[in-house]
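The same chain A turns up in both complexes below, where it pairs with chain B and then with chain C.
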Partner chain A sequence: MSDPALFEMRDLTIETVRDGHRRRIVEGMSLSVRHGEIYGLVGESGSGKSISMMASVGLAAASLDITAGDVSFAGRRFAASDRRGLRSNLSHGVSLLFQNAKGALSPFLTTGAQVERVLAGRLPKSTCRREAIELFRVCGLNHADLADKYPHQISGGQAQRVAMACALATEPRLLIADEPTTALDVTTERELLRFLTRLCRERDLAIVLIAHNLSLVAEYCSGLTILHAGQIVERGPLASVFAEPLHPYTRGLIAAVPDVDAPHELEPLAGSVWGGRSDIERCRFSHRCPFAQPDCEAGVPALLPRAGHEVRCILYREDAT
Partner chain B sequence: MRPMRIPPVLSYVLRRVAISIVVLIGISAVAFSMAYLLPSDPVTSRYPDISNEQRAEMRRQMGLDQPLIVQYARYMESVFRGEFGRSLGTGNSVGEDLARRIPATLELAVYGILLGTALAIPLGMFAAIRRGRPTDHVLRLVNIAIQSVPAFWLGVVLIFVVFYQLRWAPTPVGRLSPLYSPPPFFTGFYTLDGLLSGKFDVALAAGRQLILPVLVLGLGVVSPLARITRAAMGESLGEDYVTFGRALGLRERQVVLGDAFRGALIPIVTTFGFVVGNVLAGAAIVETVFSWPGIGRYAVTAITTSDMAPVSTCILLVASGVALTNLLVDLSYALIDPRIRHGYGK
Partner chain C sequence: MNSPALSVRNLLRLFRNAAEPEAMPVGVRNVSLEIATGEVVGLIGESGCGKTTLGRCIVGLERPDSGEVVVGGTDFTALSGRDRRAFRRNVQVVFQKPETSLNPRMTVARFVGEALANFDVVPRGARRARLEMLAGLVGLNADALERYPHQLSGGERQRVAIMRALASEPQVIVLDEPTSALDVSVQAQVLRTLKALQAEVGTAMLFISHDVAVVRYVASRVLVMYLGVIVEEGPADAVFTAPSHPYTRALLAAAPRLKPSGDEAPPMHGELDLRAARSGECPVRPRCPLAHDRCREAPPMADLGDGHRAACWLADDLNKQSSEPTYREKTAS
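For the complex of A and B:
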C-alpha cells in the first residue's frame, strides 16, 4: 500500500425506502484503485455494484439516500453525500462508460458533434474538430465515415467506441466502465476490452470494470471486489482470489464459469440476491448457501484477512477452525 | 448513402394538405347544417313583429326557402369566390368582415400563446427537475389553481380589480383607446405596426389594451402545457443519454436544455397543437369580455342573431387554423428527432 490510491471509496452506505421499509442497498462499500490499474467489481444484478459507482461520482438517483462514506480522487476528498462535489470530478479526470452505448449517446446530435461538444468544455473551439478526428482515430473509428451519422445509424460496437471517444475527450485518469460490453457480441467484446487495456498502458488510465461475468474480470483485472446484496463478500488481488476462493458465493461464481480446457458440469447458483429487509443484521447469502448454519443469522460477519485477501463469512472466523 | 430528403417531405406535406382540404369541406358541411339547425330563425330574430306574409317574402329574398343542399351549394360557391357568404348583421361579405377581424384575434392569440408557453415550459421543467420535492408540490397546486379559474370569471375579475379599482389598466374597449387612430397596416398587429411606423405612443397604447385579455388567454394555456412538460421532462431526465451527458462533465444547462428538453419536445409540441385549438375557441369568451373586435366576438354575435354564413365560416376558419397547426406539429417532429427524419419511427 505504498503507492497512494488514485481513487478511494470508503465505507459507502446507500439507503432507500421501499415498501414502507428503509432498506440498506449498499453497506460499507470500499474500493481502492491505483493509477493505471484495471480493477474488477463483480456481482449479480441488484448487488449494488452500479449504484455504488454511480454514487461515487454524484450521479446516484435522487431517491437514494447516501448515509455514510467518502470518496477521494486524486487527492480531493468529498463526503459521499456531496453530489455536487463528486460531480465536479467528472470534468477533472473521472469518466464513465455505460452498458447501453446507443442509449447513452444523445439521439439528437451526430457522433462528431457529441465528441466535439465534450471537447469544447476544455479546448478552444478552433481545435475541437482536429482533436475529435484524433480521438476517433484513437478509438479505431473513421471520422470521415461516422462523424456525420447519428447514433441510430451506427452499430452497437461503433456506438461504444464513440462513447469511448466522448469519455476520452475529458482526459480521464479513471474510467468507470459499467458492463461496457454486455450489449455487444463476443468478438466485439474482446476487441473493446483489448482496446481498453491498451489505453490503460498508453495513457496511464485506471479502469473500474463493473461486470457480472467473472471470466472477463479474470482475464483483464489485477484485483477484484465481489459484491453480494450490497455487501463486499470477498476482495483482493486477482491471483489470490482465484487461487483460493473462500466465500461460498465466490466459489459458486467460479463454478459457474465454463472452461474449455477443463470441462466440468456447470453449477448454477441457487436462489437470487437477498430480497428481504436489508436492515436486518445477518449474512445476506445464507439463504442460498450450502454451508449455512444457525450462526449465519446472528449478525453481519466481519471482513477478515485470509489467504492473502479478505472474505466476509463465519466459516473463516478465528474460532471457526 | 444519405437518403434524398426533400421529395418525401414534400409529398408528405402535399398529401396532408389534400387530406386537410377534404376534412375542411366535410367540416364546412357539418358547420353549415349546424347553423341551419339552430332553433331560431334569422328573419324572426331580426324582425320579430312582422306578418307571416312579410316573413315568407323575406325568407324568399334571402334564399332561406330553398332546400338545405341548395343553400349549402350557394354558400360553397361563395366560399370559393372568397366571399364566404354574406352577413345579415353587417351587410358585408363574411370574407370582408373577417379580413378586418382576423388580425385582432391573431394579435391576441399569438401574444397569449407566447405568454402561456413562456410560463408553462419553465414551470413544467422546474417541477420535473424538483420532482417529488416541495417545489414540485407547490407548482402542482399553482397549476391546479390556474386550471380551475374560468376565463370569463378571471376576465371580469381582472377588469374589476385592475381597471376599475386600481386603474392600472386602460378602459377595456377593444384594441385601442378612441384617443388614438390605428397605425398603418403592415402586419395587422397594432403593437408591431405602431413600432414599424414609428408611432410608439400608439404601440404602447395598443400594448396596454392587450395586457389583460392576453393574460386571461395565456393562463388558459399554462396548465396543459406545464403538465405535459413536467411529465415528459421527468421521463427524459431519466434517459441514459442525460446521465451520460452529466458523466461527461457537460454543464447541467447543456444536459437539461440540450438533451433532456429536446427529448421531451415531441409530446410538448403535440400538446401545443391541441392548445392552439383551445386558444382559438377561448378567444370567443375573452373577446366578448374585453369588447375585442375579433372573430370570436363576431362569431358570438352571429350565433345569437342566427347569422348563418358568419357562423359556418368562423367554424371553418378555426378548423383550418387547427388543421394547419397540426400539420406544422407533425412536420416539426422530423426537425426535433433525427430518428423520425430518417424514417426509423419512434
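For the complex of A and C:
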C-alpha cells in the first residue's frame, strides 16, 4: 500500500477482572484505516468492538487494564495504556458519533449553543456563529429553524445531525461512529449514511463504522473486521469477504440476517459470545462452532491470508484436509 | 376466511400537541383491519406513524376515541371493570424490551405462573406441568423456570415475555418490535421460535416492526402505516415484490441489504413533518417524490386484487388502466 494509514491500532489487548477471574476481553486487536475510507467493525454485543475503539482514544473505563498495544494517528504514536496521550487525539482530528444522539447532546443547551461551544475550542468567539451556521448547512440542517431548539424538541434524525455537526466542528480526519443509526428509522438511516459517504469523499474524512448489522456495512464500507469475543475472526476488503466468507462465524452472521428480497430460513448461531472456557488460549468461537475439533482449543489459531483476505480458523491451515 | 380472531373497525385515537395546535395530531385515524386465526400480520412504518398506538389500543392499554376492537365476537372497547379485566385474557402483548416488561423480583415460574393463576387457566395442581409445556413451546429449558430475569440472556428474556403472553391462551397476541433490541443471531432464534409457534399454537399475531426484512420473514400479510392511516396492505409476497405505494417503495428500498439490490425507488423527502401535513389530503404528499395536484385530495384505496390495496392515486390509475401516465411509467422516468 503506497498510501500510509491514517489510523493504526496494533495488538491492542484489554483485560478485566470479573468474579476473581482475569479475562482478556480484547485480544491482539489490530485495525488500519486509510484516509477517506469507511471501514466497518462488526460483531455481536459484547464482542469488544466499542471497547477497542473507545480505548484507542483513551476513553476505556478506568477499571479496564490495557496490557498491550499501541495506536498511531496522523503520525503520532501512543502506547494504548497512555489514556491521556490518546485523549489528546480527540482535539487533534478524531471525533466520535454515538448511537443515542439525544443522550450525547446536553439537554440544557440549544443545538446552536452546543455546536458553538465545540467550535470555541479552536476559533475566536466572534467567528463561532458564522461557522456554526455553515456546519448546520453541511449537515443538512436549517440553522434558523433549529439553532434555538433544545434536543428534546427535535427528531432523532435531526439530533444525530446536530451531533454530527458537533463532531465536524473539530475538523476531524477520522470519525468513530458507534452504531450511529441503530436508533433511527430505515429511511433516516439511509439518509445519514449517504451523507457520511459524501463527507468522506468531499472532506477526505475517514470513518470507522461500528455495527452489529452486517447489511449496513455491506453497502457503505470498503473493508471490514469481524470480531468475536475480542478476537479478530476475519478481515479484509469488503468485496472479498462477502464474495467468499470463510470463517464459520462470518457465515453464521450472514445466515442469521433476514433478507427483504428473497426470504430464506434463518440459521441462528448457537450459544453466546462469552461461553466456553476462558482458562485456555483457544479459538474463542470454538464453543459455538459446528466444525469445532480438538485442535481449536490447542491455542489461538493464526490469522491466515486466504481468498484475498484474512481468516482466523484452523479449517484453512495448509495441512487441513 | 373463517370469522376473524381480531377485527378492528374505524379505530380512532389521536394525540394533540398543545404546544403546536397547527400541527397534525399523531395517532391512529379510522383504521380497520382483520386478522384470521393462525395468521401473522406484519405492521410496518416509521416512528410516529401510529403503529404502537394501534397495538396498544388492540390490547386495551389505550382507550380509543372511537371505533371497535372485536375479539372473538366481543367488542373489547365496550367492556369495563371486571368484564374488561377478564377479557384481557384474550389479547396479550409482547414489548420491545424484556428488561422492562419482566419483573426483576420474580422467577420465571412465578412471573408466568401469575398469568396462569390470574385467569385460572389450569387447576392449581396442573400449573407446573403447564409451565413446563409453555417453556418447551418457546424453546426454554425447564431449569430456566427457577431463574430471575437478570440470570437470563436477552433472547431468553424475550422468550419468557412470549411465554407469558401465551400463558392465558389468548386469541390474539400483539408483538411490538419484539426483536429490535436483540442481536441478529439472537433475533434469528426468536424469529424461528415465533414461526414454529405459529405452526403449533395458531394464535393470531400482529407483528409490529420497523424492520421490513424481519416482517417479510414472519408475516403472511402486511400493513404499511403512515401518519395514522394504512397506506398499503396485502399478502406479504405481493407487497414486498410489487409495492404499489411510493411510500412502501421508499421504505423497502431504504432497508439495508447484504446484497444491495440496485433498485433505486425514489426516496421520500426529508422526515415526517407534522406541520406540513394537512388533513383531507394524502398524508404522504409533503414527502412524496411523485406528489401532484390530485394528492391534495385523499386518494381512494385502489384494489389491486387478492387483498392487495394501496391508497394512492397512481395505483388507482394503474388499476383502471386509464390514459393518464401510470404509476410504473411515472416511477420509471
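Keep in mind that, in the parts below, the second predicted complex is superposed on the first by the 312 of 321 C-alpha atoms of A that agree within 3 Å, B and C clash if a C-alpha of one lies under 4 Å from a C-alpha of the other, contacts with A are read in each partner's own complex, and residues count from 1 in each chain.
Rule of thumb we're sticking to: a residue touches a chain if its C-beta (ideal position, glycine included) is under 8 Å from a C-beta of that chain, and two chains touch if they have at least 3 such contacts.
Because the structure is predicted, anything quoted here is derived from the model rather than measured.
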item: Simultaneous placement of chain C and chain B on chain A, clash or fit; value: fit
item: Touching partner for A:Phe108 - first (chain B), second (chain C), both, neither; value: first
item: Which superposed partner A:Ser91 touches (first chain B, second chain C, both, neither); value: first
item: Chain B versus chain C as contact partner of A:Ser52, first or second or both or neither; value: neither
item: First (chain B), second (chain C), both or neither touched by A:Asp259; value: second
item: Touching partner for A:Thr170 - first (chain B), second (chain C), both, neither; value: first
item: Partner chain(s) touched by A:Gln160 [first = chain B, second = chain C, both, neither]; value: neither
item: Chain B versus chain C as contact partner of A:Tyr150, first or second or both or neither; value: first
item: Chain B versus chain C as contact partner of A:Val186, first or second or both or neither; value: second
item: Chain B, chain C and vertex chain A (Cα centres) - angle in steps of 10°; value: 80
item: Greater chain A contact set [chain C / chain B]; value: C
item: Superposed arrangement (fit on chain A Cα atoms) - minimum chain B/chain C Cα distance in Å; value: 6
item: Chain B residues touching chain A - in the complex, by the definition given at the top; value: 131-132, 239-241, 243-251, 254, 258-259, 262-263, 336-339, 342, 344
item: In the complex with chain B, residue positions of chain A that touch it; value: 54, 57, 59, 62-63, 87, 90-92, 95-96, 98, 100, 103-108, 117-118, 121, 150, 152-153, 163, 166-167, 169-170
item: Touching residues on chain A, where the partner in the complex is chain C; value: 44-45, 155-158, 185-191, 212-216, 218-219, 242, 252-261, 263, 265-269, 272
item: Parts of chain C lying in touch with chain A, wherever the complex brings them together; value: 46-47, 153-154, 183-189, 191-192, 210-214, 216-217, 240, 250-252, 254-261, 267-268, 271-272
